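Here chain A shows up in two complexes: once beside chain B, once beside chain C.
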Partner chain A sequence: MNVTINQEENKFNVVLEGRLDTTNADQFQKDIEPLMTGEKPDITLDCTAMEYTSSQGLRMFLMLQKSVNSRGGSMVMTNMNPQVKEVFDITGFSNIIKII
Partner chain B sequence: MKVLIDPIAGKSAQIIETLMASEDMVDDPALQFKLRLCIEEVVENIVNYAYENGNGYVEVGTEIKGDNLYITFRDSGIQFNPLAKDDPDITLSAEDREIGGLGIFLCKQMMDDISYEYKDGCNNLTMIKKIG
Partner chain C sequence: MEQDDLEKYGLDMHCTMILEEYRANYESFVKIKEIILDCIRQALKQNGMFVTAVEGRVKEEKSLAGKLELKGHKYRTLSDITDIVGTRVITFYTDDVDKIAAIAENNFDIDWENSVDKRKMHTLDSFGYMSLHYICRVPKKLYHDPAHPEINEFRWELQLRTTLQHMWANMNHDCGYKGDVEIPVEHLRNMNRLAGVLELADDEFSRIRIAVNEYRRQVQALVASGNFDEVSLDVDTFRSYLNLKPFDKLNNHIAAINQAEIHQDTLMPYLRMFKYLGFKTLGDIEKLQKESSDDAYQLAKLEIGGTDLDIISSTVSVQDLCIVHILKNGGGEDGLASFFDELNGPSSYNRTRAQRLVEKTARMPFMKKQ
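For the complex of A and B:
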């Protein structure tokens, strides 16, 4: 999973590319550390090139959403492929994370 | 296909790829996505929790019977029925959701059948997906 973060003040545009699974979830957690600090973050996760996520990945997104909520921020995931979207739907994550 | 991996410590990826490369594996990418996800969830559980330090074996198998693909896992580790755990409440808010407990729930939802049996000192987990 390749993570590219573009930051302008509290706005984060994040491009996610590749597969998020058990082999790289720890690295992903390190990669998204810049998103875990600061007040009122406004985060967009571009999922166009995210091919896959396992439950390990879901844990990371839930952790991030909780952190964003606690700091009065907002987060949206965009352009998810249908298979990944189904994983978010089945687990109810579509109700707690904004997906457009 | 039946393959024995021993010991399993640090071999999650190898076990997953062994199953995904089976001659019984489907060609449809959308179905492969689901099978990979379910396989990964089960393999992670076994590699991380079945044995102390992953010092034991798992026998994985695939078989097509009729319209169904069977994927099997057998280990002689700690007796553990992953299906006994309550399903997570997927209607809760982010604040109330627990981090975890999703893997086996995903398997239950994505496979057509999943069953567990403890027999002769071994955990046996079988997942069935209709592929016909």
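For the complex of A and C:
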């Protein structure tokens, strides 16, 4: 999973590419550390090139969402492919993470 | 402290000595104010009470000098002046004034002789300033420092009033006692008429709160007794219902498919969705659970059974119940797409998701019964 973060003040545009699973979840957690600090972050996760997420990936997104909520910010995931979106739907995660 | 500095006020020797005493004890007054405000805030927190404001001030030297100039002869020493530290609690409701008065009585030594309940000073046909003024001391059980006995000796004032009483008092002060111009009786009468209206509004707010609390108690009793058909669906009733954890059984059942962890999320957004689906009472939700839990489980099994997903949101059970309800009632793809639009906001995903669900569930037993 490649993570590219473009930051402009409190706005973060994050491009996610590839698969997110148990083999790279630890690295992903390190990659998104810049998103875990600062007040009122406004985060967009661009999932155009995200191929897959496992349960471990869902846990990472949940952790990020909670951190963003606690700092009064907002997070949205965009351009998910139908397979990835289905993972969020069938686990109920699309009820708790904003996906557009 | 420079005597020369105090002479600028032009007070006589007696009043100047009181001002000197004030300066010498200023830090103790600040400490008294902090002790009082901390104590009140902590007591409010412990009692789960919310108020508009808890505030306090130490009278400024200039203001004290002005008071001494006007009526310095009344005071033998600084201790005779009881409003150098002034504190105030402004409440939302009239009954809270009495509750906070009880808190004050439990925590402070009240000088009853000098305390005044201005609310009880009005005659049947008079309206105006309404506030409870307590003159108090900090008791040793609350704070004791042998090096500063004055902290327990100086008296101070605590005012308790509602937000509307506070507003009236401020406006009355602003309109009635400002400058040298005598205010015409007509305007003073209008201010007092307004006091009557605000008193009525305060009473009405309290009456509404009592009625709402009584309604909540009745609803909680109905929910607890399981008479769900009699309980209409609203924020309070749904919250009380969720306290019974009505969807846990289905969630646990679904989680067992993949030995998944359940992430607990709020189900309150589904109140809106149940209303959207036309549910009127908690009984309607119970009926849905009774009639469709097995089908919702089968749907979840179909969806996550073939995956290695081992985490689900606690919203899954309700989500799947609603999906099954829509499909069973002939809502089809359009019904599902509209439901998802309402739940998560309009998105092209919602139509795709609805199509996928219709295709997936076509062979499920509950669809064959249609």
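Observations
The definition used in the following text is that the second predicted complex is superposed on the first by the 100 of 100 C-alpha atoms of A that agree within 3 Å, B and C clash if a C-alpha of one lies under 4 Å from a C-alpha of the other, contacts with A are read in each partner's own complex, and residues count from 1 in each chain.
Everything below uses one rule, namely that a contact is a pair of C-beta atoms (placed from the backbone, for glycine too) under 8 Å apart; a residue touches a chain by one contact, two chains touch by 3 or more.
Keep in mind that this is a model prediction, so the values were computed, not measured.
If you put the two complexes together on chain A, you find that chain B and chain C bump into each other.
Of the two partner chains placed by superposition, only chain B is touched by A:M63; chain C is not. Of the two partner chains placed by the overlay, only chain C lies in contact with A:K85; chain B stays clear of it. Residue contacts after overlaying the shared chain place A:S55 against chain B and chain C alike.
Using the contact criterion defined above for the overlaid structures, shared-chain residue A:T23 touches chain B, although it does not reach chain C.
Contacts of A:I5 after superposition on the shared chain: neither chain B nor chain C is touched. Shared-chain residue A:I100: touches chain C; no touch with chain B. Once the two complexes are laid over each other on the shared chain, residue contacts for A:V15 go to neither chain B nor chain C. For chain C, the stretch among 22-30, 112-120, 220-228 or 310-318 that collides with chain B in the superposed model is 310-318. The residues of chain A shared by its contacts with chain B and with chain C are 54-55, 58-59, 62, 82, 87, 90-92, 95-96. The touching residues of chain C, counted against chain A in their complex, run 260, 263, 265, 269, 300, 303-304, 307-316, 319, 343-345, 347, 349, 352-353, 356. Taken in their complex, chain A has these residues touching chain C: 54-55, 58-59, 62, 80, 82, 85-87, 89-96, 98-100. In the complex of the two chains, the chain B residues touching chain A come out as 12-13, 30, 33-34, 36-37, 40-41, 44, 88, 90-95, 97, 99-100, 102-103, 105-106, 109-110.
Note for the complex: chain A touches chain B at residues 21-23, 52, 54-56, 58-59, 62-63, 65-66, 69, 82-83, 87, 90-92, 95-97.
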